[in-house]
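Next up: the structures, one after another.
You will see subunit A twice below: alongside subunit B first, and alongside subunit C after that.
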Partner chain A sequence: MKTRYIYYIILLNMLSNVVAHVPVILIRHRFDGAVMAILVGSILSTGIAMVFFKSLQAFPQQDFPEILKQHTPSWARFTILAYFIIAWFFAGFITIASYSDITVRFINPDISEWQTDLLFILIVIFLANSTTKQVLYILEIILVVNVPLIILIFIHGLRSPYMDWTAVRQILTYAWNWPAWDALAATTYIFTGYANMVIFHRVFSQQISLRWFPLVGVVGLLNLATTFFLPIGYHGTEGVGSYIYPWIATADSIRMELGPVERMVFVFLLLYLSISLLSTLVHWHVGLKLVQGILPSPSSSKNKTWYPLLVLCSFGVLTLVADLLFNEVNLYNLSVWWLRLRLPSEILLVLLLYWIARKVKHETKSTSSAADRR
Partner chain B sequence: MKRSRLLLLLIVANLIILSGCGFKDIDKRFFVVNIGIDKPDNEKQKYKVILKLAIPTGEVKSGNSEFILVEQEARTIADAVRNIKSKVDKELDFSQAKVIVIGEKMLEQDMLDLTDWMIRRRDIQKIAYMAAGVPDARTVMEIKPKSERLPSNALFLTFGGEGSESIFTITSFLFDFRRRLYEKGLDAFLPVIEPVGEDLFQVNKLAILNPEGFQGFLSPQDTKFFHPLVSSAHIRRTNVTVQQGDWDFVIDVGEIKGSFKVKESEKGKVKIMLNYEIQGIIEESTRNVESDQLGEIGAIVEKEMKRKIRHMLSSLQKNKWDPAGFGLEYMAQRYDNQGEWDDWRERLYPNATFDVQVKANILGTGFTH
Partner chain C sequence: MYWKSKVLYDALWEQFHPSQDAKLQISKNEYEEIRLVYLKSLTDEAKIQTLILKPFYELVSEEDFSRYIRSLPNTSGYQETDNLAKKILEGNLILFSGLHVFIIDVKKAVNNAATQASVENVIQGPQYGFSENIEVNLNLIRHRYPQETLRIEVQVLNTQIPQSVYLVYDTQFVNEDRLQKIKERLGKIKGKTLQAVGELEQKLNHEKITLFPTSMITERPDRVALNLSQGKVALMVNGTPFLLLAPAVFYDFMSSMEDIYQSWGVSRFIILLRYFGLFISLILPSMYVGVTSFNPELFQVQLALSIAGSRVGVPYPSYLEVLFMLVMMELLTEASIRLPKTIGSTATTVGGLILGQAATEAGLVSNIMIILVAAVAISNFVIPINAMGFALRVSKYFVLLLTTFYGLVGMVVGMIFLTGYLCKLDSFGQPYLRLFLGDNDKDLFNDKETVS
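Right after this comes the complex of A and B.
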């Protein structure tokens, strides 16, 4: 696979978090450290991601379960993978749950939430059951269609005279506050797309050059700044705190007089529908492959075909049940907690990988030097 | 292959279930084009909600806009709307509700409470135009300009900038109004609609609101020179009238630009520097004007504009109104955020000095001397 697919995975995660909880968390901390969190988080995440890719270079065409299988005891492998399965399931769950909430609220209030959920889940299951390569192709097609339009909305919003840059500057005067942990966790989540490489790395055979990788950090920083400052520019430093979905309120405030529809919010919602589904698809595909890393597929060919479907369906059923039990507030609190836990887990994952990679390098070095001596 | 077909079938089946319910045809809907809120006659109620419902007609002709006004008093806007639903035969659809008019007597109320319903509802657009109705919302909504083809279209054209462009009309969208209500150092305003005769209305002044509530009206003359200071202003055409002894002349301004800076030169002293730039030609004059006099005329215009702008600024400062956002601009410069708002409101703004610079570029004398 071409290297560009890696950047698609990272970009997808950056975009999909615009609608969900990241902007709300950042905006909640706008007076106490969100600006600093954006700066620190961008640098931190880019660094972590570079260490991650550097470590992966030691294992061409291997995914994370395979690496663990070769280099760690099986009890460690089971615990780590089980934890990751939960994490990846959760990433998908939060996206799908918050988007079905948005769909019911803004697109069609006449249908019930579980029906929307069911529709989304079925689509995701249908697509997530493809091969890893196919998932990457789907990713490219949908991003190529959607991203230009999303950038158009961003630019239109930034250039509008109703975008109040004075409010943005007022928030910038609060920059010298120590970043809050929540805000930092939310910021770094924007960059976490690379973590999906634990599975996707299997299909990349080439060495990934890190020379231009800091550019990803710059793009992420710009994306974060847009996510955070555009709602502030439209709703003011105080007023922005009153919205549950600041970005949808902002999209509703962007007016395209001569566009096909005057209210940009409907275009925005449709674009983000596909981005959100795509994000869930990627997360659950990774989740599925991680499950297969713990419990290998059964040998008989008939069971083999049903096995991935069974896993994905259990993801789906869990989502349906959980979404019935949780309301908007629970969902928000849950995702805040998940984000808080996620940052240390991510750092642990990268450190683990780094440690294994060093060990492997060390071993090959000592064996080769031993061979030299002989 | 079989599995994926089964899944596809499930998705399609789900789609069929979903599309079935809840969607009403367009001929079973009433489009609300205008929402009005007035002071109720009954003391116990809080709002009188008036909805203007468009009646769709087959052919579109000038002066043929048909509508009905339905009103209801209640403690909350939501209740009033529910009650109105019981009075009409079709489902109310708010997707075209583009103008929200608040009656003059309602301006005293808490505006955050009043706009709460509109912000919470998903189907009211955040880009609806806000306005104040004098003497009340109902009178304004009853006006039916003869040129109107669709109900309330005259108002849409006035505020949207697609039709008439008047320097006296400053548009305020619902989201913008709300942001200004919350924001410290940036006051909210509403353009005021007044009836003129039977079937015309005029929009030429502003109602100013700040966190404490309704403050008063800004006169048409002040509104005209205030308009360029609003960052979202898109109307640039105006005129300047100068009276000098027995010589009256008018400059047709093709483009007016205004900007301001706030400078704290020394502790506790703030200077607000305003910069205006106009470009235009002479539109009317009671005296012959030679082309070589243009520079001289420019100087006269600058002096006259400075006087008018100072008048506008002093009426803002005297009343502690700040719809241009001087306060926000000041706070955006100050990194020590503790107490900046109190400083500004209590001491700095009342004692601020203004430095007004005007650059008038008169391009010609029109078609004659």
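Right after this comes the complex of A and C.
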């Protein structure tokens, strides 16, 4: 596969932050360290991601379960994978649950939430039950269609006369506050797309060049700045704190008088519908493959086709039930907790991989030097 | 007569003499006797006369005659493995002369005129398509593709009445995996007969429920030549002016041969137009339902008001309105295909103009609906390959169904579903839909598509 697909995976997470409560967490901490968190988080995440890709270079065309299988005892593999399955399931769950909330609130108030959930879950199950390459093809097509329009909305929003740059400057005066943990966790979520490579790496055979990788950090920083400052510019430093989905409210303030659609919020919502479905698709696909890493597919060909469907359907049923029990505040709290735990788990994941990679390199070096001596 | 050839002759006599068109003829001259066995309906009797009978009476010795026969270009000696009855059915003549048995090809070619291309028209470009005769078609391909690496293979199907399928490919470009897969699937074909490549396409596909075509039927020699140079395999059956090209991906169905005969800018514009048409024909009906019944605030207020205004007299919800008009249009399209050409235009005029006019006046559907249905119908025909046009005609109902239940969200989800479905399809192991596949995309031809 071409290297560009890696950047699609990273880009997807950058875009889907709006649905995963990142802006609202950052805005909650706008006076105590969000700006610093954005700066520190960008640098930190880019660094972590580069270590991650560097370590992966030792294992061409292998995914994380395979690497663990070769280099760690089975109890460790089982625990680690089980933990990550839960993490990836919740990543998908939060996206679907909050987007169905958004749908009911802003697009289809007449349709009940479980019906919306059902539609989203069914489509994600259908799409996630494909090969890893097919997931990347789907990802590419939908991103290429959507991203230009999303960037258009961003630019249009920034150029609008309703954007109040004084508010932005005021927030910038709080830049020197020590970053809050929550805000840092929220910031690094934007860059966390690379973590999906634990599974997707198995279709990449080439060495991934890291020379231009810091550019990803810059793009992420710009994206974060837009995510954070645009709502502040539209709603003011105080007013922006009263929304649970500040971005949707902001998009509703953007108008394109001469365009085919005047209220940008609809375009925005429909574009983000595809983005959040894709995000869930990628997360659940990774979840599915991790499950298959613990429990290999049955050998008979008939069960083999049903097995992934069964896993995905259990994800779906869990989501459906949990979303019925959760209201928006619960969902927000869950999202915050998930983000808080995500950052240290991600660092652990990268360190683990780095350790294994060093061990492997060391072994090959010693064997090759032994061969030289002979 | 040598006893072995006698046994062969008797067997043939046993098999063929009840047939009215079988000819078992014995000719004698001064020195020897020859026997001919052939089917009158399959062979060219004038050819037999000039090639065999005339020299037989003119040449003086037995030696001379058999030497002459052996030197004919379309003669082959009898081998143990040959099935003579089958050879006769293929239009050969069996000649028994003394100790020797010869198989001589004296086929009478029928339907060997190349027909004007009528399904895939181009403005500037080759105007003739294939004929119904396989030899002529092979000849057309060889002429258009003068390359020594072009390989022609014959595979006989395991159907009850055997039919041979000709595989044509260029060994320097073809992907071995895909070729192997095609041969494997050809070997698995069962059934009574095989008459046309459309049937072959259905039988090559191992999925039960199919909507989108995964191999391409074409009638244009230029398209075949182009596709051979892109590493595809052409499958031919005798008796049809169409060929099957496999594997075929989504873009193949969106391209017309005209695209490479036009200037760069023009052809890009036309391709863009085609995708625009595809998009319109898929989402316009759903968009109407979504905008009128779910989110009228999407477009400018004036438009929302004028749609609402034109729907004042319509008693039904928008999805019924759309469905009613769409089904009417499908009926009209279907009818105009089957009707004789002379009545066709009358039917479309009566159906299209008068029905649309009357339906709005009667208050069954709104004015805007008529514009919409016309746009959908026209844009559907922009798609150059019919099979794809049909598939998209069906898929728009699926998007409409989702929109009826979920509004604009359903429309977007429906489009994502369709994209995903196309990405999940494959044509003999080649991914059906993906972006940016240039000629330099290495995984297209050489990479093994592993399932992962």
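The criterion applied here is as follows: the second predicted complex is superposed on the first by the 372 of 374 C-alpha atoms of A that agree within 3 Å, B and C clash if a C-alpha of one lies under 4 Å from a C-alpha of the other, contacts with A are read in each partner's own complex, and residues count from 1 in each chain.
The working rule: a contact is a pair of C-beta atoms (placed from the backbone, for glycine too) under 8 Å apart; a residue touches a chain by one contact, two chains touch by 3 or more.
In this text the structure is predicted, and so the values were computed from the model without any measurement.
Student: If we overlay the two complexes on their shared chain A, which of subunit B and subunit C does A:Arg263 touch? Say first, second, both or neither.
Tutor: Both: A:Arg263 reaches subunit B and subunit C.
Student: Determine, under the contact definition given at the top, whether A:Ser16 touches first (subunit B), second (subunit C), both, or neither.
Tutor: A:Ser16 contacts neither subunit B nor subunit C.
Student: Going by the contact rule set out at the top, does A:Asn146 touch subunit B (first), subunit C (second), both, or neither?
Tutor: In the superposed model, A:Asn146 contacts neither subunit B nor subunit C.
Student: Applying the document's definition of touch, where does A:Ser274 land relative to subunit B and subunit C: first, second, both, or neither?
Tutor: second
Student: Of the partners subunit B and subunit C, which touch A:Gln134 in the superposed model: first, second, both, neither?
Tutor: second
Student: Go through the superposed model and pick first if A:Ser98 touches only subunit B, second if only subunit C, both, or neither.
Tutor: After superposing on A, A:Ser98 lies clear of both subunit B and subunit C.
Student: For A:His235, is the partner it touches subunit B (first), subunit C (second), both, or none of the two (neither)?
Tutor: First partner only.
Student: On the A-aligned overlay, A:Tyr162 touches which partner chain: subunit B = first, subunit C = second, or both, or neither?
Tutor: A:Tyr162 contacts subunit B only, not subunit C.
Student: Looking at A:Trp176 after the superposition, I want to know if it touches subunit B, subunit C, both of them or none. Which is it: first, second, both, neither?
Tutor: First partner only.
Student: In the superposed model, which partner reaches more residues of subunit A, subunit B or subunit C?
Tutor: Counting residues of subunit A touched by each partner, the higher count goes to B.
Student: Which subunit A residues lie in the overlap of the subunit B contact set and the subunit C contact set?
Tutor: The overlap between the subunit B and subunit C interfaces on subunit A comprises residues 108, 111, 115-116, 119, 123, 126, 262-263.
Student: Going by the contact rule set out above, which residues of subunit A touch subunit B in the complex?
Tutor: Listed in rising order, the residues are 31, 105-106, 108-111, 115-116, 118-119, 122-123, 125-126, 129, 161-162, 164, 166-167, 169-170, 172-174, 176, 234-240, 242, 249, 252-253, 255, 257, 262-263, 305-306, 309.
Student: Any idea which subunit A residues touch subunit C in the complex?
Tutor: Interface residues on subunit A, with respect to subunit C: 1, 103, 107-108, 111, 115-116, 119-120, 123, 126-127, 130-134, 137-138, 140-142, 144, 202-203, 260-263, 266, 270, 273-274, 277.
Student: In their complex, what parts of subunit B are in touch with subunit A?
Tutor: 3-4, 7-8, 10-11, 14-15, 17-18, 21-23, 119, 122, 125-127, 160, 162, 173, 175-176, 178-184, 186, 231-234, 325, 328-329, 331-335, 337
Student: If we count contacts the way the header does, which residues on subunit C are in touch with subunit A in the complex?
Tutor: Counting only subunit C, the residues touching subunit A are 294-295, 297-300, 402, 405-410, 412-413, 416-417, 419-420, 423-424, 431, 433-436, 443, 449, 451-452.
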